[in-house]
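My questions will all concern the structure given below.
The first chain written gets the first letter, and so on, giving A, B and C; residue counts start at 1 in each chain.
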């Protein structure tokens, strides 16, 4: 490189970040002598002349006048006349400005987008050796942290301590033992346009803006009349929405009196009758439904149906009923009606109240039929379109409160039906298997209420036993 | 509205107040510049450009260029204040507080109290502070923490040109001694400034950014960094309240506590070292008064316990930054 | 030098008040009833009175930790001062300042100062204000031979010269800065020459003779009020008590205090001069003695019985208006 020099934006003063060439006094290609003015440069504070420090030629102007460049940027290239243009060009292209960025200037960093890993490790896998008193003998850890680590079985040696010189604190152990944070983020909000003539705290202004309250002319209760959030609350239309200390005292608790509608009257009458006239007795049993659940999963896939668990129960009950004709009955005063096929009622919690439409001849239906039928009935029930035919002829109703979180309950018989089956929840229970090992199995809680006028204890028990064996081995009722 | 640099807003305010009240007197080193030289007065016009032209308009009796003697300057401000004038004294670099500490700490701050409430000293001491321009250890400090701890002083830290004008106007009209801190790296910062005179009350923070997830408290230059961090975080769905304190004494406690009661998370940004500073002051306020609302321990983003270093890379590592603030926000959100 | 008989009697009254105030405090402090540090001015009365008799309420003064004398000479209420030193609610500073921060701005007394060298910078400010008021008022900084070594004093002197401020730097050389002698602590041959080298006119005068002080100060005050710039005066004076009350004064020479009280007692010197030149009658001076004595007695009695401030008073008067 022969005698090529860069002419860069000078730094005049500690604060100068950039400058503008207001005029090139020496033109491109012109030579100049030491002491002559080369260019005029302006900053936001001053305008100054750049004097040549040596004799030379301005071979190339890189930054035209009127353009603003940061300190250190290339403005022009000086070179002897015998330097070929190509070299001047190359020099200009490959010039790198010095990093004159300050901590606060153009090069200051922006927010790092990626969330940061916390420095505390997760608690170790359960297969690590048990943590005891001696596990942390040489560890820089506070007494309380050590105690907590032992109590929670946290391997403190994996924790990077936040205390001085890496000392592990109680807080570090506490954090290491806990599951990851699950934060519900609200996100950014617009900053309300600020009217500085209104003297209110930032939050008060925000609350007012959110609730469409005009604070003009409002005098606040804060120092020097500043409006505070309490003042805004007092201006809100439903000031009663704020929790008040004497809510209980001031609340109006007079009841609203509503007359029962027709359906409710009917239900009330019938169930009162049932409970007071029918001699109920109860048989309770827990069914192992592990196999049924799996059976349903596969069965639904194979048959391309969406039969509910209840639908499977309906099918099983239907089969069991025809095997026990003495339970498949209706009771009318002193007459017993024995049905050849199973009509099983399904209790539905419709909007108007409890209703129990009947699926007819269940024993002759396959699971997809049953599913379709129950779906239909539910729809009709919810749209108030059940007819009398839907409701009569049943011998047993299945009432399922399991999905409501109930363990077990006893239902009231729907006369003239002979019995009702109350299905509770499924729980996971440790069960002893045939080989003596223990396994968690799903257990369904079932309670049958029988009309003792027609069904004896033994009959009911036998029915339940059959039902149990079918449900526990679903292939039996398919 | 006009777009002004912060330094221009200061100059404009000084002109306006000196015009309005003949008792306003300005004093400091090189605020005129060129006194006793061939170049003549106003050869410099103040090294920061915040007093240019005052001497020409108001004369040498009210615009007093002083020798380098901080104790005398600030002491004189105290004396001027006690005897019915409204002095605005400048300390060229806030670090020189060390040279005149007595006149602020033992004299000006305590006159009213020691003299049984019978005196008034409406002095303003403007100090140019802060790091970011590689001015190194003795020309880059931020002494707002020490000054805030002194009873009898009010401490103001504007972050925008509009705030600088309103707060300086209030400071000059205030009857108590006021320390007015101007960040040297904010001097060239531009912003919309309303025309005409207006005041901004002390102890009245500004909400620079709004959100419901984290509260960030900052003052001076740190407000710019905090706002930048908040904007970046908003793109990730994280909403931040950025509270620009404007004055650290008196402090807008309410704005801070109301926000933390809403968000439950606090990050305080302060460009001074961590011990016994503004950040610790605010964290302790919040933990004491809003403990029940906190969902995570409060975080502080401060400079380290070191003097301000010289080299560019070092100073950058020294100062808080939008990135460090965003990291702190994420830490409060990761609390388990 | 012309000074009327009334003015002389007033000057004597002031000097005697200072003397009796300080002597009485010396005794009362022994009882333990008065809290904190007290620094007594007895022996230097001629300076405070000789200066302040040329000033009115528009002129301001700032004092040192040894401020009772300046305070009384400037016209502050003696009763209020005693109450303040006793720390009572009705004290001149509501019990919040005490001996070291005694002040009364209405009388132009900008306060005694617990920081050595704290006063001169403040006085330059007051002088700059005086210049702006433009009515010939001035400001006086009382300093000791201790403060004359403090950087702030030099800064203040230079700033006063450079701004042509109407400030008077009054150096009371009582030969001891705390427990160190002037012969050791002050490197230059005297204090006045320091002021001169800063560019201001300086006078030297015997500080134990009221008449000499008064005459010299007449020149000084005229110079300053005429706008000829700041001035300095070095007074050669003595203090009879220790640096602070409780100071065992082991640094004194044998019989020194007795000799000072005999040969350098400004009250004695005044009386002698007044008698010799038939300026004021002994009878009149004795009557003043009695009145002053009664005033001091009454002040002490009242202060002993007066109510102290309450705990709530701690929080008031920090700001005029905060939040």
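Going forward, contacts are C-beta pairs under 8 Å (C-beta built on N, C-alpha and C of every residue); 3 or more make two chains touch, one makes a residue touch a chain.
Everything quoted here is computed from the prediction, not taken from an experiment.
Ranked by how close its mean Cα position lies to the mean of all protein Cα atoms, the top chain is B. Of all chains, the one whose Cα centroid sits at the greatest distance from that of subunit B is A. If each chain is reduced to the centroid of its CA atoms, subunit A and subunit C end up 78 Å from each other.
Rounded to whole angstrom, the centroid-to-centroid distance between subunit B and subunit C, based on C-alpha atoms, equals 39 Å.
Note: centroid distance subunit A to subunit B, computed from Cα atoms, is 44 Å. Within subunit C, contacts with two or more other chains are made by residues 323.
Contact with two or more other chains is made by residues 203 of subunit B.
Counting partner chains per residue, subunit A has residues 223-224 touching two or more of them. Against subunit A, the residues of subunit B that register as touching in their complex are 5, 49, 131-135, 166, 184-185, 187-188, 198, 200-201, 203-213, 221, 225, 228-240, 243, 252, 254-255, 258-259, 262, 297, 312, 315-316, 318-319, 321-323, 325-327, 330-331, 333-336.
Of all residues in subunit B, those touching subunit C in their complex are 25, 27, 61-62, 64, 66-67, 69-85, 87, 102-103, 106-107, 110-120, 151-152, 154, 174-176, 202-203, 250. Looking at the complex, you find that subunit C touches subunit B at residues 60, 62, 91-97, 101, 103-106, 110-111, 113-115, 118, 120-133, 139, 151-152, 155-156, 158-159, 162-163, 316-323. Subunit A contributes residues 14-15, 17, 44-45, 99, 101-105, 108-113, 115-116, 118, 171, 175, 178-181, 183, 185-192, 194, 196, 199, 201-203, 205-206, 222-224, 226, 228-229 to its touches with subunit B in the complex.
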